Each structure stands twice: as C-alpha cells, then as structure tokens.
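Common to both upcoming complexes is chain A, partnered first by chain B, then by chain C.
On to the complex of A and B.
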C-alpha cells in the first residue's frame, strides 16, 4: 500500500501509526474478521465439526424461528436493550457530577472507571457471591429488617434478569461516564457563561446547552451500548447459564450452547446471523436518528 | 525517563500477549508428540482434573507402562471438566486428535453418535473387554457397539450431619425420598437448614422408574401422569420452603450448603470427604455415612468415568492397549487406594480392601460404596443426544418449580423439546 507523501513528516507519522496498529489489526483480522467470514457459509449447512456436513439451505433459519428457546432468547436479548437508556442517563449524571474541579475528584473518576477495566468474569463471580442467599446483600437486608428470609436473586426467574442487567450497568457506567466527561469538557465555557449572564439557571444551561452539545456523544455511546447489550454473554455464562427457566437465556449464550454443547455449529452460526441482523437494524435506527445531532442550539 | 517507562510498558504488554499463546492443559510425561522417532509411538493421554493431586501416582503408572512397552511414550495432558469436550472437538477438527481421552458417559455417547470414537467391541480383545462389570461396559453402548473402557466409578452415598439430625429429632436415617420428605419440615423448623436438595429431575425420573424414552428410543415418553404427580408433590414442598427450589442436583452448591451447616444431607461420592475435611473440618467431625436416598426402584446413581479412543487417533492399536491397561483390575485397584472411588472391573470390586477399614470415615465410605454399587447405575439412555435430552427433561423442573408452570404443561413442553433432540 502506497502511503501518500511517505517522505514527508506527516507521511512518516502516518506510517508509524499504521505500524503501531498493525499487530492489533492482524489479530483482529485473524480472530474476528476471518471467523465472521468463515461462519457465513456455515449458516446454510448442517455442520457439527466432527460429524457429516451437508448443505441444508435456509433450514437452520426456519428451525430457529420455530424453536421456542430461540424465540425466548431473542425476546430476552431485545429486553436487555432496556439497560441502554439507563446506562446513558446514569453516565451523563455521573459525568456532570465529576466534571468539577474539587479535591478528590480524580479519585472518584478512577473509582468509577475501575469496574470497566476489571474482567467481566471476575465481576460476575463477585456479584454472584453478593447475590447469593448467604451473601452480603441478603445478610444486610435481613439485619435491616427489609426481608425476613434470604432471597435467591439469581434463582428466581423474576429477579435473575434484573441482576444481570444491574451488573452490566454497574460495570459499564464508568466507560460511558468518561466519554461524556470528555464531551462536557469540550463544551465552550463562553457559551455557559453567556447563558448565566442571560439569566439561565443551571438546569436550563444543562438542558439547552450541555445536552444538545452532547448529542454526538449520546449517539455514539447509545450505538455502542446497543451493540454490547445485544451481545451480552460473560455474565450469563458465569452466573446463570441462561436460567432459571430460560429467564436469562440470551441469543449469544444460546448460540454458544448450540455450538459447543450440542455440536450444532451450522445452527449456531444461523442464530448468530439473526443476532447480527437485529444489531444492524437497531444500529441503523440509532444512526439515522443520531445523524441530526450536535451543533449549537442556544439562541440569543 | 518517559522513553524508558514507555519501553518497559510496551515490553510488559508484549510479554503478556505472548504468554497467552501457550496451551491451557497441564502436561506431564513425554513432551513431544510430533517427533515420533522411527519405531516409537507417542500416545497422547487426556484426563479430567487429576493433576496435581494424583500426578505422582499417574506418572508412576506411565513410567511402568513405558518400561513394559519400549517404543511407546505417553504424553499426559490434564484438563478441567468444563473444557475437555470442547478441546477434544477442536483437536479432532484440527487433525491433532489425542489418542486416549477420559470422558464421562454423557460426553462419550455424544461423540460416539458423531462417529468420532472407536468401536471397542471390535477394536479390543475379549480378554480386555471381559474384566469390566457388564452393566458399566454397556453404559456407552449404542446398538451393538461400545465406545468406552469404563474407568473409575463414583457411586453416590449419603453424608449426613449428625448434629443437625440430633437437633431435628431424627433418630433413624431415612433411606428413601419419601421418608426424607416426611422429615423435611421438622428439620427446617428445628434447625433452619434444609434436610436435602432434590436430585436433578432427570435422575429423579430414572430412580422412580419413569421411562425417559420408548423401548425403540425414538420417542420421548417421560410426560406421564406419574412424572407430573411427582413434580407436583415436590412443588408443594418447595412452596412451603421445606425443600430448596433452586439448584437441584448442583453438587457444588449442595456441598457448599452442607459445609456451611445449611443442608443436613448431601449425596456424593466418597472422594468428597477430602474436600469437606479441608474446607469444613468442624462439619467433617460430625459426618455420618449411610446409603443414599432412593426412589421407588431402590436405585442410586453411579457416575462413571471412561476412557475412549477417538477414531481420528493416529495410533489406534497402541491407544486401545494403553486404555485397556490403565483400566485393568490392578491399576484400578491401585487408583482406588489413592482416593475414595470405586473400580469398574469385576475382580477389583471384590477386593477386601474396600471393606477392610470400617473405623475411619473414608473406610466407612468405601464399604458403603461397595454395598450401594450393587444397586446403582450410571443413568445412561444409550443414545447420542443424552446431554440434550437430559437438559430438556430438567427444563420441566425449572418451568414447574422455579417458573410455577403447571407440572403437566411443563412436562409436555419438555417432551416436545426432547423429541426434537432424539437423533
């Protein structure tokens, strides 16, 4: 690939950037792009790796939509997208709170970000202990008289999904907080000051100036969050394995079970294909809606 | 200074990346499979979670075999239970199949159904086959083919907490689920602990004589009135909170509850004693050993580990011979003297070792295992989709007990799922 102006300073900087990215790009290509491309034809085959392989056309997709467990997993995955607005709203609130010059604010920013850089498996295991009937949450609730006997949060079909959502929100909030913080810090100070001079309150300044200026960030973060929500896996794998009674069975986990427990790799590829299509549709909706965002909306 | 710090960080990151490129199994024995020297064969032998506790023992066995069979080298790889099936499939697909693999019956049947295992009815000699207890040899039979050498068995026995029994006023140890259910309420009331956790619903049906499949193994037949009555009765107990509604048959969870004094009875193999002794010495001191709870058939579970030879093994004959040797009478007996498990061979299982010590808890567990093994079985359906069918049957429990669906509806739904998984 010829890099324009390689002899110039900018050209050399660009080349250096590509060289630094090269190892990661190679890994992404080998372990993400290639398998995705490889799984496309699998969707149309009855393929179990070790058994006989045969072409079956759209049979996997027909079976998927006739499969009650798949429909439940699809519904749960769509339901899981509920975490997106919650994470975004909480992240914006946190970003507003930490966007101040106060003693100890760096510590708070760090504490909020630590869950983001902690392995989701480790996070899930710890929260599993906390949610356990003999865990801290039950112990504290019983001591405070909120409940009389321990609750099995992860064993109850009504609360298991809520716990999974909570853990996801808890872990993700710091990441989006940092993005929104960057957004808030890019809002020109003069705009804010001008609004105060004009008699705007803090809330009006937030609604009329800061949030509109954050629209591109909200758009990007929502898109990112939707893709992550539809692809939730780790926390389900570690804590509930899709149970109890399929209450936390999501598409990604169901696809994993079909591939690696039942050896139905073709069917699993088809399920993943449906998930990719769902993600694409939702992403397009957010993309189209979000394109109109950004720019100044405060009028003199 | 900044350059130095960046360089150190980059190198550390690269080192971290490269360390992830190694394999995850623990290895022992001969380290090179690919360089089979002329006239020598390297057999790759996979086991489930036997290292590091039994490393010395198996290294000794391997050394003995290599001495008796010059030209054969054994490369021993130990893997966790959760990953062995996936790794095996990956290895077979990648053309690097191991030669002898330790699997449980369910996993063996799944792979057998995909023609991935060697038919040992054809590949092994009569002398090799006839040492095993007949019912255990048949565990991995599909049609006229058998796909595994039975290895060590772990018959379930009962460990009960004498303290909790005393507090609950239980003077006679229950022997059936029916007797236990009658004592469940007084145990919960008097001690706050559950008496026992019901087994997996699949096992419960087996133990009460409810046929999971038809005789020709082409239809799921477990959605009977008897199955619905059984499920409904347990629903009553769980709703009254005298028996737990969650984690039926989840051994890890049961053991945790038992070790924390929240469960009075745990069904497990004798090998659990060492874990309880380590993790809960106070509970260990109060353990009593008894026959496991049984259903109407008087049957209890005998989980079997097997050794299989993948059909893609490049050293079939040598692999079959090694697998047969590891699982012969003498070696199984020697292994059973290392840990409280039970052999699957006829002669070893009659050895007086299993009944010689009745003073220690471990000795009592061994003696009890001998007794119960006569009326125990590895709950095998003898079909390829055993894993999936078992999961489908257990969905009836989840729907009815956890999800509060009507028992008959839960069973009918589960039956429809299982019907699709019958191959």
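On to the complex of A and C.
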C-alpha cells in the first residue's frame, strides 16, 4: 500500500509537470523539432506543391551541382565568409577603444549598437539610397574628385557584392563589439596593472594578456559570424535579389527562391543541406583551430 | 623644462583625444545614415538627393503622404498584434514550461532538457519549408496565427527562464508545498514574481526580433493588407521607387519604436546579450 501511495504521489507530480510544459512543448515539437527531423529526408524527395511526391535519392544533389546558378551561389557564399575576420578584427579594436574609463563611453556603445537592433529592411533601404547613382556617396565622391561620373554601385556586378559585404559588416560590428567588451571586462584588473608595473607597453599587454583572455570570445564570435555569413539573406533580398547577373546570388537566397518562388521544396531543402554542411565544415575547422590554440580552457 | 610626469600627462591627453576622434568618426558612420534618413524624411519632393543634411523648409508632407498612401496605422496595428501575441505566448508558455524543469521532480526531466538543449545546437537546414508545410496543413496560411505560432515559443527563453528559477531558494517552494499550495499557485505567486528581471529580458529580446521580422510574414500572408511594418516597407520600396520621401518617412516610422525600446532598456538587454556567451 505504502509503495503504491508513493507511486501515485510521484505519478501525480509527473502529470502536473507535463501539464505545465504541454503548451510550450507542443509548439516546440511542431515548429522546432519537426523541422530538424524533417529537413534531412526532404532533401531526397521530389516534393513540390503540384505534382506527385516521390523518393529520388541523391537526384536533388546531382541536379544542384550540375546547376550553374547553384555553383555561382555557392562560390559567392564562400567568398562572403571574408567578412568574418574583418568584422571580428574591427569589433575587437572597437571594444578595446570603448573599454576605457573616459567620459561618454556609454553613449558611444549605444550609438554603435543601434544598427544591430534596427530591422535589416530599414538598414538595407537606407544604404540602398546612399549607394544610389544620384545618392550621397556618389555626390560626395564626385565633389571630392574621386570619380568623374556617378556609379551604380548596386547595379554593377563588380561592386554589388562589396556593398552587400559592407552593409553586413556595418550592421554586425556593434553586436560583436558588445560581446568582446564583456570579455575584456572579465580580464582581472590586477593582471593588467601588474603587467604595466613590470614595464609592459600597451601593445605588449594587449598581445600577452588581453587577446589570450579573449580567446574563448573570439572562438564563439567567429563561429556565430560564420554561421550568419553563410546564411546571409536579408540584404540580398531587399537590395539586389541576387543580381546583377547573379553577382550577389548567395546560397541561402537561392534556396529561398527555389522554395518560395519556384515551390521546389525538395530541391531547395537539398541546397539548404549543402549550406548546413558548409557551415558544419567551417565550424569544425574553427573549433579544431581554437582547440589547438588552447582556446577551450575557459570553463564558465 | 617639462617634468617627466607632465610629459606623461600630455602623452595621455593626446592619446585620449585620438581615441575620441576615432570614436566620433565611427559614431558618425553608425548613426549618420539614420540621421540622414530622418533629415530626408522632412524634406519636400524636389530636394531629396540634396547633399545638405538640413533643409530650410522642413515639412511633414512625407509623413502625411505615406500614411494616406500606405495606410500606415493599419500596418502599425498589424505589427503590434503580431509582436504582442508572440511575446505573450513566449512569456506565458516558456515560463510555465521552465518551472517544472527547474523545481519539480518527474519522469523524463533529463530527456526533455537534453532534447531542448540539442535543438539549440542542431540546425534545421530546411526549417522554413517544413514550417510552411505544417502551417499549410493546419490551414493557417494567410492568418496572424500562422505568422505568430512558428516563432512564438523560443527554446532559448525556456532555458533562460529555467536558469532564473534555479536561483529561487528551494526552501521557499517546499514550504509552500507543505502549506498545501497548488503548483499553479506556487508558480503564479512565488516563481513568476521572483524572475521578473529575466522576464523583462525575454520581452525585450522578443520585441526587437518580432518587430523587425519581415520574411516569414511574406511567406505566410497572401493578403498585403495584413503585412507588418517591416514587410510593408519592403513592399513599398519595391513598388514605389520614385516616392523616396515616402519611403524615408515610412522607414523612420518603422524603426523609431525599436530604437526607443532599445535605448530605454539597453542595460538589461546588453547584459543578457553578453551573458549568453558565458552561458
């Protein structure tokens, strides 16, 4: 009797626990777990809104690699990863600058962070007008004599990708700066002061003390930055739609076009699968490199 | 003769001035485009591409024009509906879900926690496609529910709130249980009030991400009059390229709420962002 009683009490508690969790768990299952489970099989089907659904094995992947547009998009996405080290270096420099005890630093941090919280649509529209042939950047460049006649930065295959990269860097720096700032503030003050007492210069203390302490942050930020670089979408969608002439067509945008313009869900899923695989490979590389450099010693 | 101490002080001042100059330049680069857009939104049609930032004759005509043209109040309302219900569902369901995960003993607790954590690491390669198919199956296409439900409950919020619950003393909960309080009562009168700072963090996070969301609404909604602001703005930008002043005014209307919320709650928000690395 006694054992059974305990059982029911425990059973009742379990029931209560699941009642509490049910609403969230149902939504998480439908919209988070199901997409994770469903993504992989979808890549091996010919699945579109119209027509029959059939298992086609690796056909989607074969088609993708035979598809010139896909290869261009993949190449562009790999090229786009160049923004990762640029963002990281600039945000570390910025974090070092705002980590001083000087008047007005909070204001600067806030200003640098505003692009991060603003919608990518608004940001893209603003920069789209600034880059316009009759926009501000052209006007200034002409007045300064840098260029003779207005350039359509976004309409030129040579410069469009650079603009997309610039906007991405511009919007991303504030976010990573804030993370690095948190890292710098976790450097024990005594350590830094001791190095100065020992006669270290600012640069020495940066290389020998601050950067090693920042390592776990650099590792985390680079990883995040790679994932978002390979997933770049919003700016392309708003400003260039992959053009001109596929110059800004990136893998995530191409997969969107295949899914929601052409409604080839299976094919689009396969393209996303390639993107996920690329992300995984680059993440592993960064992880292994970070490990070798001793970046994983941080246990918090 | 300048003493070494004075020399060092001059050097320090010089360094500080250099830092200020760099920071001001970066600040202009970061905030400049927004200020330019703000200034432009008050200019009348002809001098939009004028290089001068300020105009002698500021006008509200763009704001009036875009409001008549696009029915801005309606889009604003749509955004408020989508943002409000997303936040509500996330806060209520996540804080309910996190409670047993933090303070109750039950079968399968470890498994559920493990699965939740795993979803944060494993990406859903074709997540949006599957979400679209599920929403279609549920007959929620072209509804606000279809916009809100897929992103409503965030695993990140559940984990964040669970972490906050863990800081509430166990004795307090046990005492209430011995007093015969129901779990629902304990959750409502002890747990939730005890984690208000974390709840406000979740609210700010959700507000910023939901207010800015534009792609998912385009996919789910077929009727443009149901679009939220960011989506409508993209639509405006695509269809009426020549009405630059209107677009400027629309852009300003759409970003002001987010910037306001961020500036008001930045301390809380930034702490949470930085804390996420360590967690």
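Convention: the second predicted complex is superposed on the first by the 257 of 300 C-alpha atoms of A that agree within 3 Å, B and C clash if a C-alpha of one lies under 4 Å from a C-alpha of the other, contacts with A are read in each partner's own complex, and residues count from 1 in each chain.
We adopt the following convention: a residue touches a chain if its C-beta (ideal position, glycine included) is under 8 Å from a C-beta of that chain, and two chains touch if they have at least 3 such contacts.
Just so it is clear, the structure is predicted and the values come from calculations on it, not from any experiment.
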Contacts of A:156 with chain B and chain C, given as first, second, both or neither: first
Partner chain in contact with A:244 - chain B first, chain C second, else both or neither: first
Partner chain in contact with A:290 - chain B first, chain C second, else both or neither: neither
Touching partner for A:262 - first (chain B), second (chain C), both, neither: first
Touched partner set for A:212, first chain B, second chain C, both or neither: neither
Partner chain(s) touched by A:134 [first = chain B, second = chain C, both, neither]: both
Greater chain A contact set [chain C / chain B]: C
Residues on chain A lying within both footprints (that of chain B and that of chain C): 134, 260
Touching residues on chain A, where the partner in the complex is chain C: 10, 13-14, 16-18, 20-21, 23-25, 27-28, 30-36, 38-40, 42-43, 94, 97-98, 100, 102, 108-115, 117-123, 125-130, 132, 134-136, 139-140, 143, 170, 174-175, 178-179, 181-183, 216-217, 220, 227, 233-234, 237-238, 255-256, 259-260, 265, 268-269, 272-273, 275-276, 279, 300
Touching residues (chain side chain A, partner chain B) in the complex: 48-51, 68-69, 134, 149, 152, 155-157, 243-247, 260-263
Touch list for chain C against partner chain A, complex: 16, 19-20, 22-23, 26-27, 29-31, 33-34, 36-37, 49, 51, 89, 92-94, 96-97, 99-101, 104-109, 112, 115-116, 119, 122-134, 149-153, 155, 158, 183, 187, 208, 211-212, 214-215, 219, 230-231, 233-234, 237, 244, 247-248, 251, 254-255, 258-259, 262-263, 266, 270, 273-275, 277-278
Touch list for chain B against partner chain A, complex: 85-86, 89-90, 92-93, 110-111, 113-116, 241, 245-247, 260, 262, 387-388, 395, 398-399, 402-403, 413, 417, 421
